[in-house]
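Sharing a structure here in structure tokens format.
For reference, chains read A, B and C in written order, and residue numbers begin at 1 within each chain.
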Amino acid sequence: MASPLLSLQGVSKSFGGVQALSDVSLRVYDSGVLGIIGPNGAGKSTLAGIIVGALKPDRGKVFFRGREITNLTVRERAALGVAHTHQIPRVFQSLTVYENLELAASRRVSRRDLDGIIREAAEKLGLNGLLELGASQLSSGQLRLLEIGMALLSQPLLLVMDEPTQGLAGLEVNYLSNILRSLSERLAIILIDHRVDFVASLSNRVAVMSRGRVVGLGRIGDVEVVEKIEAVYMRGA
Amino acid sequence: MRVKISALAALVAPLALAAVYPLLPEYQRALMSRVLILSIYSYGYAVCFQMIGLMSLGHAALFASGMYGAGLYAFYVSPDPLAALLVGVAASTLLSILFGLVSTRVGGSYFMIGTLLASQALYLAALHFNEVTGGEQGLVLKKEATIVGALGPLLSELDARYFTSLAALTIVIVCVTILSHSRLGRLFHALRDDEGKLEALGYNTSALKLVAFTISGALSGASGALQALLYGYIGAGYAGILNSVEPVLWVLVGGPYIQVGPLLGCLAVNLLSDLARGLLRGHVLTVGAGLVAFAFATGRLRWAYRLLGVSRGRG
Amino acid sequence: MNRRQALSSLLKTGVVAAGAAGLGSAAGYFSARAVGGQTTSGLETGVRPIKIGFQVHRTGIGAPYGYWYERVANAAVNYINKTGGIAGRLIELIAEDDETSPAKGAQVVERLVLAHNVDFILGALFSDVVLASGPRAGELKRPYFAVSEGTHVPFGKLNRWCFQPGITDVPGQVTAVAKWIFENLGKRVAMIYPDYAFGHDHRDALTKAAERYGGRIIEKIPIPPGETSFTKYFTRIPRDIDVLYHVMVGDVLTFIRELGVYLGRERPELFGFIDSIEAVPLSSPGLEYLEGTYFWEGFPRYADGYDTLYSRFYREAVGVDENGADKSDPSRVSAFSHMFGVWETLFVIKEAVEQSGYSGQTQRDYEAFIKTLESMDWFNEGLWHPQGDKFFNGRLHQSFGHQFISVVRNGRLVVVHRTEIEDSLYEHPNDYTRQSLF
């Protein structure tokens, strides 16, 4: 296979003596979904923070498209094509849906094409009826979609999603699954979620995390991976 | 289109102010002229406070830099009010860039303390170099160096002050309206809502804050420069802490709408404190703080609370 | 100029007659109070009062002075109104707080003129307020009377509508006391002063006076404003000086305590300006070190310092006891060295109105008022001028008077010298009379 889009080499991170990540190495390729599962406190969110640049590792290195980005800020990584969404969606409350999308897109898209691209993305996400609405008026499901829309319009190569199903109802989860599935053909997604079924249904590969370590990595059908998942969740419970 | 409608709506206030002038008694004309100049300062402060959610405690320095730039130019270099006005605005713009480079890198309470300290430094410098600045006593400009002097053949002093400040205020209101509807304005609002998120979208938020702070400082300085050139007096008193606190009260009283809030708040605090002079011993601070306390008690300050709470940044 | 010459010029201007009238009516004033508040009226009824606007430091940093200024103004107006008013008209005093702020001060001037339509404005003490207010008064064509000691009026920074006849200015005061210092305490002087305009006025005046009287300023130690501790500056005080001259550098209690610790018993003579302990009781803890040191006083705080019929009358009228404190609250020390200026200024207005025939706010009446005032040379000592006689320079719009030098003895101020008016005179090219009035 070609060289990886993102690779982590021996990354460790601790917070005040608590080891959140120890010696994690991962590779992510140009498309497809890498699912990350594990119980609370396994280090999933810390890993997401290290990848997007919100946290700096104590040891180890992060590479993106072959270039070391360990010490780059969130903004610098965003410029290289790393986007992310949050557990609780973060959008600009005082702007409309359209203005939110516009802000996200306008660093990449020429002014001429901007409107078309925004409307196209809104259409895909089912936000097209809401464009003139203030973001503060959206439901939590709509907010989630808006945040994803913003991430996509920044035209990333890698999208890191932290708990995207949180606060969503069953139907909305299905809707989100469909969207992510079509997206994953075009870009790499790192999907962190506590819903094993959701992650399993979307991921080409999963990493199983426990106590700051990746304890299993492989295709979701692999017997070894399934065993690890079971072991981790049993122990977690 | 929306921009045009808003800009037109913003002109209602200046038109009303022009229309009411003939009805005002003389003292109220003089009083209103002072308040209109201060309203420009209020708008300047609001660009920082309302647009990007940063509470500065040092804007007096920016006001004073405009005042000193204009006043010292008119006093020492040339009695040309227009050139002096430009020098004043340039001085405050430069100073806000300097202030901004340091203080916009930090958020919340550090920003407040940083701006406070920086403005105290300017205040002490104005006192120290009193051979030039006139220090706390100040300097009196010659009449021909003032706008009132230049307009002397055409307008009485009262009229000249009122309409000069009203014209300047109108320009400022239109500019602020256009700004708040522009792409830059939306970026400012986004920055205020969630700085970390904006960073994550690849925007340089420090640079954005610096731009907003500089616009804010330039407007505050324009107010100071006009003050110097309309009243012919410059003094270190204007660089003091009180002059930093007053605009905070105005924008809090004026409410969240940046097109009219800074004007309404400045009018309310200053006119009420003038009315209350005999009763409350007339401190603008007493009246302003009273109004702010009232707004707080009746839940009318949530917008500001939210604005500052969010501005500390999460990312 | 000696006293006799002064008297002869007084006779010419007729001020003596006015002073005598003042004494006569003073007797009436006391007897009226004695019989239960009946006033010796004799005022024309139905005549518009003369409105005097009063810009007061009721709040802000100047409030301790403002309190006494207002008290003195009320006392003087009360007395004038009970003894015939001004040219038969009552005074209506309209006081407005300027918050000791230049911006508010200028606003107060506008309010007094445009809203209250006052005839004259009794102005402020703090120089920044005076400097911001004077131009407004000139523009609105109302005579403005500062009671400030600042150099803004005499040095021509203001305009023809601004006067300071009721109090002497800093250069005048310093010039007068410097002569005595160099002649009596020693020629080698170090000075310690606040590093802003007020301190610089002292520095410049003392430096000039040193040239004139053969003194030497060995060291000048400016203290930045806002300083809270002073010891680090004391290291610059040279060992071989005769006198350390100090003025208003910050918190006086700290300053004196630290100075005492630093200099100890082997100190040079100390000469200070009362401004730093004005309205401060000498019994305040920390001021013990001042024992045996000298002060300039504008008007002696303790009654025996300048015990005249007039000063006793004035003290009684403003309600101040023998020790310079509030009669009803002995811990409240007055601003005695400055506040007499308010009293005297009101009488200057009275004199100028009565001599000029000013009756209403016409151009002609104001022109007559101002030119009459500018032509006055002397204010005679009397009930109207209890601090002493004054020479008035009509070109500078500034009075020159006697100064007092006192020593702290047994925790009170004892006058050791009263300077002559000639000692305080200086030259300045300013001439307001060349400016047009309208």
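Convention: a residue touches a chain if its C-beta (ideal position, glycine included) is under 8 Å from a C-beta of that chain, and two chains touch if they have at least 3 such contacts.
From a predicted model like this one, the values you see are computed outputs, not experimental measurements.
S.K.: Which chain has the mean of its C-alpha atoms lying nearest to the mean of all protein C-alpha atoms shown?
M.R.: If we average C-alpha coordinates per chain, B lands closest to the whole-structure average.
S.K.: Farthest from chain B by Cα centre, which chain is it? Let me know.
M.R.: For chain B, the chain whose C-alpha mean is farthest off is A.
S.K.: Just give me the whole-number Å value for how far the CA centre of chain B lies from that of chain C.
M.R.: Computed value for the inter-centroid distance: 38 Å.
S.K.: Roughly how far is chain A from chain C, centre to centre by C-alpha average, rounded to an integer in Å?
M.R.: The computed centroid separation for chain A versus chain C comes out at 77 Å.
S.K.: So the centre of each chain is just the mean of its C-alpha atoms; given that, what is the distance between chain A and chain B in Å?
M.R.: Those two chain centres are 44 Å apart.
S.K.: Give me the residues of chain C that touch two or more other chains.
M.R.: Counting only residues that touch two or more other chains, chain C contributes none.
S.K.: Which residues of chain B touch chain C in the complex?
M.R.: The touching residues are 25-27, 29-31, 34, 124, 127-128, 130-131, 134-140, 148, 157, 231-233, 235-238, 242, 274, 277, 281-284.
S.K.: Which residues, counting only chain B, touch chain A once they are in their complex?
M.R.: Within the complex, chain B touches chain A at residues 183, 186-187, 189-190, 192-194, 196-205, 314-315.
S.K.: Residues of chain A touching chain B in their complex?
M.R.: Chain A residues touching chain B: 52, 54, 73-75, 78-79, 83-84, 90-95, 99-100, 102-104, 106-107, 150, 154.
S.K.: Where on chain C does chain B make contact in their complex?
M.R.: Touching chain B from chain C are residues 58-59, 96-97, 99, 101-104, 106-107, 110-111, 114-115, 127-128, 131-132, 134-136, 139, 150, 152, 157-158, 195-198, 200, 224-226.
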